[in-house]
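Chain lettering (A, B and C) follows the sequence in which the chains are written, and residue indices restart at 1 in each chain.
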Amino acid sequence: MADLIPVRLDDVAFGYDPSKRILEKVNLTVRPGQIVALMGGSGCGKTTILRLIGGTVPASAGTVSVFGEDVGVMNADALRRMRSRVGMLFQFGALFTDLSVFDNVAFPLRECTNLGERMIRDLVLMKLQAVGLRGASTLMPHQLSGGMARRVALARGIALDPRLMLFDEPFTGLDPISLATIGRLVRELNDALGASSIIVTHDVQESLQIVDYLYFIAGGRVVAEGTPDGVRASEQPFVRQFVRGEIEGVVPFHQQAADYRSELLAGAR
Amino acid sequence: MPVASPPPKPDVPGPVRARVEGLGEWALLKLERLGFAARFFLAILRFSGLGIRRFGLVMREIHFAGVLSLVIIGVSGLFVGMVLGLQGYETLVRYGSAEALGTLVALSLVRELGPVVSALLFASRAGSAMTAEIGLMKATEQLAAMEMMAVEPLARVVAPRFWGGVISMPLLAAIFSACGILGGYLIGVVTIGLDAGAYWSQMQAAVDFRDDVLNGVIKSFVFGVAVTWIAVFEGYDAAPTAEGVSRATTRTVVTSALVILALDVLLTALMFRGT
Amino acid sequence: MNRNRMLDLWVGLFVIIGIGALAFLALRAANASNFSSEPTYTLEARFDNIGSLKVRAPVRSAGVMVGRVSAIGFDAETYEAVVSFNISARYPFPKDTSAKILTAGLLGEQYLGLTAGGDAVMFKAGDTVRLTQSAVVLENLIGQFLYNKAAEGKPADAKPADANPGEGKSAGEKADDAKVTDSKAAESKTTDSTAKGGKTRAAKGAEGSQ
């Protein structure tokens, strides 16, 4: 199983509304043990790719395969089995607000396994120890800072020892210390579990430090890809603009609109 | 004399046509939503197995919907009963039948006010909270997270809430009616000084167990199903934003109130016709 | 774990209170013990006029509730009201039992009164009560009273000196009319006593006029 390609997207297209496609044609591959970053401007469909991989939305065209199986043709049972091998970290953690930190991490163990309560307790404490928050096990989610919540969610994501981790903007809204902590944890846990990971992010600098491969997505397609070193050296206009954070470039500053002058004059009339 | 033929109608959508079209669109939209709600209801029933197997989940929701509504239901019931006692006495004493106060209080409560008012209170106390809770879980991606953990949110989150509400509602309505009857007793017997024996015996002579009490319980059960269904549906269907959740919460209270009153008319017509 | 136990405790308490409230409604407010699921048998009775008798009205014998009216229909051939009522199986009634429609108090609700006869044969389910007496319709009573009063008016005019006994007689006649329709089974003590008073006065009046 370790040799199976964890994630592979072939010519995947998707749109909630058939007339308006978010993804036109996406091809990407995640190899075992790799951490892959998906980058692109806000709203370019990065999170949608994670949903396609998780099977919560079906692809309009093309195939999404996870561990060599086509997600599109899975029945409910196969989908459940696939999901139990996939851990996902949501943008703001998505901790269950009515459960304590301990119960949050225990949640997937209680719901998806038949382990005894003592076993679950030991496992939860181990996972919390891995993210350095064993001391916070009795707190409720609203008592946690953003970074801590993200770490608890990470502990919850790895509770079932997944073979594939999906991270949806794990660095958003964090202070530099928390950001570095999460980044390091992502790398460490990925290697310790022998898993593969996909990180959806727009934090270029942090991801260049920890990932093995990057895909740039714009206009519903993969416009550039490469290793961190390759990306740093790339002279491709989009990658340059994105990595350096330039305002004007191939991605325009202005939303497409009617002629400025004539629109203003039309208002004055 | 040549008859002036009307000028040919232009085929551009006039204001009337636009309005009719808008109305049709609105109706279709509502119908579609109703269909979705019905499908959702069936899905809740289909995913109720987990809640039955792990009854602790439903217990939590009974605690939330029932136990935490106990005080507001009890106190409101007492007050409503007291008002019925005061007003009823004022009216009955004119016809020299003040001893029928027990009958008046008990019948009004058991048949109508108990189920209806407690359902209205339940909708605004527990129903709105359910909507907000599920809506926020959706907005903060907790439901999506659950789904990604191979846990069905309908089974784990929605169905237990639904059953918790459905089980709590008839009990709350009974508590409301009982408190109301005691409230009427406090006013009629303790304050005004009617005969306690007459209060109870007149009540017992007029209130029938099957026709009044059981029908009241059936009513509150139906209201319980309707209110919790609306509440969990609005929560699940809420737009995943702060505004969407607040709108959904408002809709829960408004729709529940209308549905409760409409159902009450229907059920009353079915149950108490000709008696 | 502790939190869970507290929660269970509260829910248990809630359910107990709720069921207690239901029991209270059933026993204290509705008196469910007063047959609700007891076996019953159904009888029928025909009346010229049932007044405002309603379905679910009580059926009493000697003032004790023994059943309830289950249905009220109209016979299009005889133009009679057909009243079906359920009697608790605990109380068999003889074949010559009579049924009357009575009023609780002066303006109270109407109920079906049964007066048992002496027959050795008991009613079977579905039987019809032969001896019936219709409801007292207050309007008719008043109308009759006024009519009688008017009829008396002439003899009273003829003998103006004898006004006193005449008045007594008219009151007596009213009471007699009431007796015909309402019979002696009139329950309320006040009605009973006025009827008696009326009777005695009627007797006196008769003596006086002679």
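Methods note: a residue touches a chain if its C-beta (ideal position, glycine included) is under 8 Å from a C-beta of that chain, and two chains touch if they have at least 3 such contacts.
Because the structure is predicted, anything quoted here is derived from the model rather than measured.
Farthest chain from chain C, judged by C-alpha centroids: A. Among the chain pairings, B-C comes first (most C-beta pairs in contact).
A comparison of C-alpha centroids places B closest to the centre of the full protein. With centres defined as mean CA coordinates, chain C is found 81 Å away from chain A. Between chain B and chain C the centroid-to-centroid distance comes to 40 Å (mean Cα coordinates, whole Å). Contacts with at least two other chains are made by no residue of chain C. Touching chain A in their complex are the following residues of chain B: 133, 136-137, 140-142, 144-151, 156.
The part of chain B that touches chain C in the complex is made up of residues 56, 59-60, 62-63, 66-67, 70, 95, 106, 110, 168, 170-172, 174-175, 177-179, 181, 200, 203-205, 207-213, 216-217, 274-275.
Contact residues of chain C toward chain B in the complex are 4, 7-8, 10-11, 13-15, 17-22, 24-26, 28-32, 34, 36, 54-56, 58, 65, 107. Those residues of chain A that touch chain B in the shared complex are 54, 56, 79-81, 83-84, 86, 88, 90-92, 94-98, 107-108, 111-112, 153, 160, 166.
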